[in-house]
């Protein structure tokens, strides 16, 4: 059960822009266990998507992986040649991208696009067999009238259907790991519920490991087993989902939970916003990157980066409140 | 007295700091690209030649005469632009820097004067065509609907003809000459601007600040003048800069076909046209003025390219960090 | 309390043209009626394409209706002309969703905020001091006065937009998804500020959003919209504790709650939403929700349910509660 499927060690990703070097990811460590649903939460620009793109070596330029190691099923992904990494993408690691609207090529039938990974990885003999598999695949992701729909072009489908096609593409080769990068942004709540339900279903059926990248704390609470909270390119807290929500340790996690309006809360309970804004990662604040916005800031926070410590079993936090100085 | 001056300066500085910063960035953006600097230098030279061409020519003539009379140079160059002479079709030499044409006139002198004609020409065309384009483009783009339909279809009709053919037809029917060439070019040129402005307006109109202005109670006219026009100006400037070369070249084409400026008015395109009969042996006749035309067009194009970067706010933002990074 | 705004049978169709012919109408807003009380925050929620944004714009008369009336302080806004229209524009303002396109990039903050005052020729004393007071009101500083919009983050821009809306001292504001482009931590800042402004200045809000949690936090009364129709109106507490319309129930059960225990307990009894929102071009006959409704009956397919009062200020448009 506790077998590791993915381990990231000391990952650093910098973006070399005109404006300067954006230190998007600064030393991220995490490990994902086989069969679990792992959540990666954080606000815009915290580096959660980039971290996951590093796993399949698809950091968009001008970004570059500066240092660190990524092990997927024991394989050192970053030192693999491109041809070997390509064998992982789509085959072993399925990626569900953010924008279903632009994730599909308008010139090809959606069925072909969903089945393309099968062809690329040689899992089907010919196109004819691929189409047969695609119809089954569309059934799996619960697209009504799968045969007819697979012959449609992207513009003929609604947003929710397109997202299902994208999911079908990601699971076509029955990967060991699915990375879903904000699978439900720009999607209505009712469709979101359907998509999340589908993902839960797939996990139940195939036992696939799922990494869910999102900014929505509600989705995390509903879906994930373990959660990592990211802030400004670093992981600040990592814990079991129940522990994290019941007893958040890092001031940022606490702040987030108090800042988000919850439907079951009375409107009399006032939200507590986190003051200030997300720092510029070209010149990130020294020490703990959260210190300029933190209400419990101490001298050391401004100077030294807090180490990740295990405060309770399986509950890690990077904050000087809990670390030994 | 001084104190109040200083106060006023401080106040002015406070108010305009962001603006100054913006201009500094523009300047910096421009300066860092050698091609646009080269382009602007070329443009400046050509504009000076265009405006002061005859006087500059007189000056050179005077200087050469002075040098000759003091025995510093042995032969005095001839800058005879209009009179017939016996030095027919001479290759470039010290006497005739760019050679002579079939009437024995000096091509250097004629080219210098020709730039003026070309420049005036293109400016007149643009000064008339651009306002037509702005007004019709703003109306069509902002109001949309039937008005847009009418204006756009008319512009389409004009654009459907090949520009040169249409210009030739108009110019020929009005009789060959500089004036009719200008009228022909204006007729051909305004639709391009209507289309450019209309397209820009359509995209600017989508911005919420337009709707916000409407919600505040601003009238259509003030919205157009205060919010739409300023936001379509920079693409217009870029387009115009590149377009000057286009007008000059089309004008040269007309002259080249014998429809524009008539002899003996020197005009670059016309000179190229006249020299065509003598190619390739008497290459200088056509090629040297042709090369000047090329430089003229190139200069404006490079400048336009540079301006595109300078006027693009996103590009400036990227630079902003660079500049500030250097400061720290 | 008195109603500040009365919306009566408001209809807006957008014709859909193919080549030369109109092939149908988008029923963006279809015979909608409700009241907004003075001093309250009226929340309007619905999924994309339900017509909530169009409704907001209609009320401010930024677009003309196909039919219907909107009374603002007893006067039909669609009949206002000249001075009266200007007076209405002064009293009613709007804040848009996208803070990046709602500010003219070529104007400085001072000009942006002062422009409405200039348009209405109001005497506010020293312009600079007036704008500074507005900036301070929304949590910005004097230094920001002569800067361009691009120098600000999304949250700050939204503050500027709010300051511009406040410049005319309005009594009513339409807030069209004011925080949906912002991050959680910044969203809370803006929401709290809007609530404080409402209390301090006695403003009336129409708060439009697709995010039910945000609407719940902001509003006193909530109306749920589906395909151009209001399906349920009630006080905020009532809607969340006792949602009656099947669509409202479905919406609520679809929201993930940031508490693993509650969220997972809710999963057990969730009504999994069926299907997707049909096209608003020629929507389904009868109750528009019937193709997705778990309780759909025969009558739902034929006749449109009326919006009837079932409790104190609680209205619902569903055949489950209406007398046939």
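Every chain is named by a letter (A, B and C) in the order it is written, and numbering of its residues begins at 1.
By definition in this document, a contact is a pair of C-beta atoms (placed from the backbone, for glycine too) under 8 Å apart; a residue touches a chain by one contact, two chains touch by 3 or more.
Note that the structure is predicted; figures quoted are calculated from it, not measured.
Contact counts per chain pair peak at A-C. Ranked by distance of CA centroids from chain C, the top chain is B.
Per-chain Cα centroids separate chain B from chain C by 50 Å. Once the centre of each chain is set as its mean CA position, chain A and chain C turn out to be 32 Å apart. Among all residues of chain B, those that touch two or more other chains are 317. Chain B contributes residues 14-19, 22, 206-209, 211-218, 222, 226-227, 230-231, 313, 317 to its touches with chain C in the complex. Within the complex, the chain C residues that touch chain A are 47-48, 153, 155-156, 183-189, 191-192, 210-214, 216-219, 236-237, 240, 250-264, 267, 270, 272-273, 276-277.
Residues 60, 62, 85-86, 89-90, 92-94, 96, 98, 101-106, 108, 115-116, 119-120, 146-148, 150-151, 161, 164, 168 of chain C are the ones that touch chain B when the two sit in their complex.
Against chain C, the residues of chain A that register as touching in their complex are 43-44, 158, 160-161, 188-194, 196-197, 215-223, 241-242, 245, 255-257, 259-267, 270-275, 277-278.
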